[in-house]
């Protein structure tokens, strides 16, 4: 049985490798590398898989998942500039893939280990990534 | 090849164990255990996996799936109080997980056995469960 | 200039006139009058119209609107049985129209009078009402 | 890590086997076999699975996926009659399943082979198919 | 107080004036004039405005509106070719505007005259028309 | 008859008055004034009202509206930092209200004057503004 909780956060970012020049970044990442940043309303879906607890009928109380998303993701990334405000992306290009990777690790550390974790992250209504660990 | 059909139904419920007091239920389930019930517009997605029938080009006629959802799920749960009107939940706490479990069993009994069955159930736009049998 | 804020709440209700018998209610309101209640995920959109404040660039800070929706609507109706838990509907049939009427009056009393107020309320993804006062 | 790109196209079709009579087609496919065709806004989601390229932080630049969807799917099927305009369906009944099958093969030929490909295709907001090759 | 009911129908069409050549039609209407037709999942929202009936708490029972939409719109246009199957468009170009005009007139004739009627019609998720009579 | 076209663009912004200190901006605008910017996927709906052209059956060819949105809005604001990259907001706080005001003026100058113009702009799925000129 899998359960999921959805949340949103708004952030600015720029696709950018700090070891490349602006020209190199612009050639590879196009307008996504605009030096002054652009932004998104990110939508995050957190999925947990495990058995139903016969006591409660829950796999996990989604209120708990909501609280972990708030403390680990929203408080960290919402209304932030991912490149400038978030040490996680000081050396890591904040593509949707890397944001998913970082978010998965942050969530994994705070959610019960007996539940398998998968996340989906929409950058726009047309672009989405999914990560389940490796 | 997987195919799916979506449907909706509206129901009232209360998270509640009949062997617990209202206080115990309230402690564990919070406002979801309000003794007078609250409700949801549930959204159900029924997925079936199998080979394409070379005769028709269908895995299964989704009209059939629609009819089975109507008779097994909508007629049973739509505009009902899950705790009071539905014997399935007389002794079973109607969490989204348990509603998915019950729905899966009801659908499994009426849909062709050569097609693997998975269902997704949204309780709100933020909360979702998925079940594929065990 | 109009601005809006969206919110959701989950509630049980029953279409019911207390001065009619269950039979009469059932004849007029059909399965919406199930004596044990059913429920919905209501979606509320609150619109305010007025001039932009040249100081802030806001018509109104939507954080204020969010707080008023929380205190006046969500705290009152979310995870409640509208017929049993909410005195507003003790004598008033909780149709979408009447819920909109009651909500509009509650919001009107707490939002700045120089801003015209209109609300939209979705009962399901197919049914919606809109009210702008009279 | 999986990434996806969404696109839409509008097309007419008729469920129809050319080796059956109109009556036979109508018996099996009902109103979906109306001889004068009907149509849909198809929504396509293209998923690719593979490792993040450490150089770019991408699994694949979704701009590339967008371009392949445009040249292979939109240019071929958008604003077309699938039965009459598209040789792919001259002998193949254009069910959602078969459109997915054909689209998957067209996309597979143009997308990097080290990335696993899955597609989802919505025919309406209630009907969807998913295909990952065989 | 305004109330609305949403419905969907699928149809093929071609933007086409019968008194123009295919070339002229193609020049003005582009790929929307493909001689073999293309299609859409149309979404229709029917709005009625009037006073709440104090007896029922309804402006109008939306079940009635649903039935009128079914008999006047869905039964007439769903799974049809608007140009070939629907006499309404034999001489009238089935643009979204004209479909809205025709639908409004069909609905107006069957819905209570004391309720003002407005309709919205989505041709795609990006294109919409609204008509309130003239 | 009203017709509309929807489009999206992604941008970074910061609620900020250049004649206030960061502290003053932070007090009034909260986390929306983060000095390093945050961002949104803006959704824009452009509505035009007028008579149907009896020649074409269009109020206006939405392809034209699409092109004007691209040249006036998307090319100007998409993947930009509204505060730093867009002279329109050098002295004007880029609230949703002011973005709507600026966008309306840009669109008004390029769309036929006999058609009344209204726009809706979603900053998030919960926050929206509407402007029809003054």
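All chains are identified by letter, namely A, B, C, D, E and F, in their written order; residue positions are counted from 1 within each chain.
Here is the rule we go by: contacts are C-beta pairs under 8 Å (C-beta built on N, C-alpha and C of every residue); 3 or more make two chains touch, one makes a residue touch a chain.
Values in this document were obtained by computation on a predicted structure and should not be read as measured data.
Chain centre most remote from that of chain B: F (centre = mean of CA atoms).
The pairing of chain C with chain F is characterised as different-residue: of all residue numbers used at this interface, under half are used by both copies.
In this entry, C-F is the pair from C-F, D-E or A-F that repeats the interface of E-F, since more than half of their contact pairs coincide by residue number. The most distant chain from chain E is A, comparing centres defined as mean Cα coordinates. Once the centre of each chain is set as its mean CA position, chain B and chain C turn out to be 27 Å apart. Between the Cα centres of chain C and chain D there is a gap of 41 Å.
Separating the CA-averaged centres of chain B and chain E is a span of 34 Å.
Residue positions 125 of chain E each touch two or more of the other chains. Of all possible chain pairings, those that touch are A-B, A-D, A-F, B-C, B-D, C-E, C-F, D-E, E-F.
Of all residues in chain B, those touching chain A in their complex are 15, 28-30, 92-98, 100-101, 125-131. Partner chain D is touched in their complex by these residues of chain E: 8, 10-13, 31-32, 34, 36-41, 78-81, 84-85, 124-125.
Across the complex, chain E meets chain C through its residues 1-7, 45, 47, 52, 56-59, 62-63.
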